[in-house]
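Letters A, B, C and D mark the chains in the order given here, with residues in each chain numbered from 1 onward.
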Amino acid sequence: MNPYGYFPGCSLRATGVAYEESLLTLFRLLDLPLEELRDWNCCGATSYMSIDEESAFQLSARNLALAHKAECRDLLAPCSACYLVLRKTQDYVERYPAIGKRVKESLAAANLPVLDGVRVRHPLEVLYTDVGVERIRSRVVRKWSGGRVACYYGCQIVRPFEEVDRAHNPTRMDELLGAIGAPTVEYPLKTACCGGALTGTMHPIGVRMNYILLKEAVRKGAQAIVTVCPLCQYNLDAYQSEIRGKTSTPVDMPILYFTQVLGWALGADAESLGLKRAISGRKFLEQWFSKETQEAEAYV
Amino acid sequence: MLRTIKFQREAEPEWARQVSERPGCEGLFSCLQCGSCSGACPLSIYMDYTPRRIIALVREGFRKDALSSMTIWLCASCYSCAVHCPRQIRVTDLMYGLKREAMQSHLYPAHLPAPVLAREFYNMVRRRGRSSEFWLVLRMALKSNPFVLLGMTRTGWDLFRTGRLSLKRERIKGMSELRALVGREVAR
Amino acid sequence: MSENNGSNGAVRIGVYTCHCGANIAATVDVKAVAEYARSLPNVAVSREYKYMCSDPGQDLIRQDIRDHQLNRVVVASCSPHLHEHTFRTALKVGGLNPFFFHMVNIREQASWVHENKIHATRKAKDLVRAAVRRVARHEALERGRVAIHPDVLVVGGGIAGIHAALTLANAGKHVFLVEREATIGGHMAKFDKTFPTLDCAACILTPKMSAVRAHPNITLWTYAEVTQVDGFVGSYKVTVNRRPRYVDEDLCAGCLDCIEACVYKQAKVPDEFNMNLGKRKPIYVPFPQAVPLVPVIDPETCIQFKSGKCKKTCVDACGERHAINLRAEAKQETIEVGTVILSTGFQTFDAARTPEYGYGVHPNVYTALEVERLVNASGPTNGEVVMRDGKTPGAVGIIHCVGSRDERTNRWCSRVCCMYSLKLAHLIKEHTGAEIFNFYIDMRTPGKGFEEFYQKLLSERVHFVRGRVAEVTDWALQPSEEGKLVIQVEDTLAGFVRRIPVDMVVLATGLEPHADAQEVRRMFNITCAREGFFLERHPKLAPVNTFTDGIFLAGCCQGPKDIPDTVAQAGAAAAEAMALIDAGYVETEPNTAHVMEEVCAGCKTCIPMCPYHAISFMLDIHKSHINEALCKGCGTCVAACPAGAIKQNLFDDDEIFEEIEGILTNA
Amino acid sequence: MPEDFEPRIVAFFCNWCTYLAADLAGTSRIKYLPNAEVVRVMCSGRIDVQFVLKAFAKGADGVLIGGCHPGDCHYQEGNYKCLRRFRLVQRLLKQMGIEQERLRLEWISAAEGDRVRVVINDMVQTLKRLGPAPKLVEQAADLTEVNA
């Protein structure tokens, strides 16, 4: 099969490096070829869009054009922000002729091919539709040794485009984790917002939003939160100590990527899944993903 | 300012019309003022005007009030409003438009880090084709309020020891191509 | 005076261009049009006038017919669907055959749809020119008459159907009332009280229901559906499928011993009539006042039907009557009626389509109709408001506009939700003393005594929060929210977001067309409006008529409305049907087709074209013949005839050719 | 082709669906281009091959036929008969060198007022692109004489 185009985005090369590690590992285990987009540029995220819409679309247009040039049908964007901006660009180019015209002109100016035929996709949806719950289940080699988890989808992969999953009460991550035997809890905030960049720009507010997310997860009996986005993971992971300090909630829970959880079940080792890069809930992580459990819980 | 009465001469109906023609804002004038957006917004509780009130301001043409509000900079673009709106108004996109206008006309609240971050991010991406979180946060802090750095040392250390703090300054090869595409000038 | 059939002398046309106030005159230069018409061949008179449809307008025509010996008339005004009849009558009164007339639609098709006055005027001139050329070819025609069968079919036995049926029956007309469910009564039978008077629905409905049962002029078929409709106004042939209820209506005495005797000692099956909040047995009556009071056996759940191994205690209980027949089969009834009243009602919006309100996820989220049963003394809880978890609510939130005024679901306002929400608020408070919060976008209380009722609720200290609820969730931000349903909403009047913990949420779901409204529409050959409700002939002037003669509308199948409006419309529909019946006949359009035998080559191409089998082949002379009584004037055969041997009155080839050429010959 | 070319469209609308849709467009004050002029027939099944040829013969740049949706015909199946004839005429026009897009068949129900706008505006754009109907129409004229 021809490989999936892979658009890491800036975060997966910094705070979200564990996401990239686990994603690549998981796809290798599933024999899904990934090919990184050559010389990709930043998606522009929300901040760029706040200054200049037109060139924000042009930024994404370049990435889409590169994908087109590399003849890949699907372009994988693991980061929710990247996914949304790329998808939004396609949508607006298509729905608003004026925008489409300008974007196409500027592409020509940079003698890049016009973007079409490229499908922007998120790994969650790829695993759910292309691989499927059953195939994941059949590939499980290691029993889930961790605790109950809350599946947290965040915002931009389900809104406004309901292509990765439903906007209200999405369930695909829950189904995938169910397939590997990880117990999930009903998490009403599964699509609430993590505040994004606010932890940086309006720190107290951003942290409070994550406090609410964590508190409700605890209340629902979750021992970890599983995420699909580097920013969500960072926000929930990095500020727990601060929350412990400021509130009565003694929260210290692992914030995992769904790729890490699935990768572990499919037999990858903690190292290659970047599990050592967690900030919070390290003691649980050591129990759940230790060498011993690797041996002890292994099937056969 | 103490005065709360609004004189009609302060309204800019023409501007309202222009906004209603932006992508995603087509439904502006069909807004029911039902408040679904505000109710669904995770940040409305911190805003000076709720999203619904921003729409009310915009469509009545109170440009300055809308553009100088904190609200637009609190929007984390999570699109919750958009999927809850019974009139299918992309409130998030409306906010983007207002942010851009607030930047151009320098109407955004001073010392608010958000616009500074946006500008620095924008410039970094235009200069290098990629953003490097560490340097970005640094510049934002220095240009808005250096003291936030103090609060960040703990997090910075956590990231560093887990190998998640990259000091590398990313840059793409095809800068010329990118410039041809988006131009070279940066935001002040 | 004798009617002029135009045969005498040259063609003399009168052209009348209407201003329709400013409706036409604002966009079409009517003076110019009239001026232009005057210049056209055969035109004797051309005038423009403010309102041609008014009496003075019509007098103009009559006068000119006399004074200028007109023998053709063209009126350029609105749609023929609105006033063709008016002007034809004017011609008749003026002593001219009414079919020497052609109407030009320069309002719906020019002034209202174009902005540029020059273009609109040009178009109006083209159309007038076409009409002038066409009308010259018109011939004198006579209307045919079709007798109206005096019997009436009423489809749907809700309050609309019941009222229409009784009105007609009391006037001595025979009515077939066909109801899909096992009992008549419709939605109203499920209600506890009715707004704003709070009189009990059962008390006012059940007497009418039994009156239907008792009435000698009403044939009531419940558990039955119309499956086929043929024919036209005056004589519709209708096939009705009566599903077997396995209890013979004629033999059953309604003692209900069979239900008592059922091998199911406890009721175990979810009870549809109680919105599945209660239980029934496999043999049951929907509710104690059901009409007819004859049990139904539900083969889905009856042991005998599922396994064939039941003791059949019900049959024993019935004993000598032998009313229970487990081998009963569906019965096809074929009836002939002259007119039809459709009162098929509505269905309520499926609350699961607004997932943000958690219906089906949180057990204590209810729909309004479910709560109607909860507060109803004869409901599953005998009128006690206890929730699915067995508790009595201390705080209740009522969310308005669920599945109404929403681009993503239904765009229209359902009209009744504000008022029934007020009613439920009052009843729940009365039953439980709970704190009640109403969440509304706009309060709509236009109706006799409605506003007063709203005031009453306000004085009862029911909370009214103006804001459309964003979410109903069970996550707690505060200890006070633990174990509650939390309603998150912007209080748009106070200007901030509120989180209100409640025990029970009531969703005021809107009204929408039945899922099968489109099939019904097809069967009766009528039209649906965009949102799927049946379309009335004219929104103001013919609100109970359809575009198909002899078929009338009553109640919510035509659009959401409350009980008083429904009853009023049902009365009106009955009156319209009666008007036809008592006239005894309808005049038909003379636009039928006929074969010119001298030209007919006897190729039989036309015969399969006719959906009404109006064309027969005369073997003796080897030519086709059209039975004009059966011909409905579609003209399909005319277009099909290779020899051009078939002519259609009012739409004949030369008439239409003239119209085409008229349009295209430049001014 | 001149910039100010205004195509002329003859529209045959059936009495029960498309003509009512046009009425609805009117009462809803929907604005559309003034290039189409309507000839009312009781059923699209009445529309004769000759009507279309005559229209082109007399200088129409396009012909629009509007009928009830399949299954909705007021006369049960006139619209199917119309569809069959439509295909025939299309082939005929092709032989005469008249572009297929100049003849258009649309099912428009009485509820679809806005559809009238969409279809007519769209057809006008197409015809502006195509320019005036070709000279071949003379042939068509002869043919109509032959048939008639």
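Heads up, the rule we're going with is that contacts are C-beta pairs under 8 Å (C-beta built on N, C-alpha and C of every residue); 3 or more make two chains touch, one makes a residue touch a chain.
Keep in mind the model is a prediction, meaning the values are calculated, not measured.
Colleague: Counting C-beta pairs in contact, does A-C beat C-D or the other way around?
Modeller: Pair with the higher count of C-beta contacts: C-D.
Colleague: Between subunit B and subunit D, what distance separates the C-alpha centroids? Give it in angstrom.
Modeller: Taking the average C-alpha coordinate of subunit B and of subunit D, the gap between them is 51 Å.
Colleague: Per the centroid of Cα atoms for each chain, what is the distance between subunit C and subunit D, given in Å?
Modeller: Distance between chain centres: 31 Å.
Colleague: For subunit B, jot down the residues that touch at least 2 other chains.
Modeller: none
Colleague: Send over the residues of subunit D in touch with two or more other chains.
Modeller: Not one residue of subunit D touches more than one other chain, so the list is empty.
Colleague: Which subunit C residues reach two or more other chains?
Modeller: 356 - these are the residues of subunit C that touch more than one other chain.
Colleague: According to the definition already given, which pairs of chains are in contact?
Modeller: A-B, A-C, B-C, C-D
Colleague: Which subunit A residues qualify as touching subunit C in the complex?
Modeller: It comes out as residues 166, 168-169, 188-189, 212, 216, 219-220.
Colleague: What residues on subunit C touch subunit B, complex-wise?
Modeller: 356, 401, 405-408, 441-442, 466-471, 488-492, 495-497
Colleague: What residues of subunit A sit close enough to touch subunit B in their complex?
Modeller: Touch list, subunit A to subunit B: 10-11, 13-18, 39-42, 44-53, 55, 58-59, 61-62, 92, 95-96, 99, 106-107, 109-112, 154-156, 159-160, 162, 167-168, 191-193, 195-198, 200-203, 205, 209, 238-239, 241-242, 276-279.
Colleague: Could you please specify the touching residues of subunit C with respect to subunit A in the complex?
Modeller: Of all residues in subunit C, those touching subunit A are 355-356, 361, 473-477.
Colleague: For the complex, which residues does subunit C have touching subunit D?
Modeller: Subunit C residues touching subunit D: 79-81, 105, 107-110, 112-116, 119-120, 122-123, 126-127, 130, 522, 525, 527-530, 535, 547-548, 591, 609, 611, 632-636, 638-640, 644, 648, 651, 653, 656-657, 659-661, 663-665.
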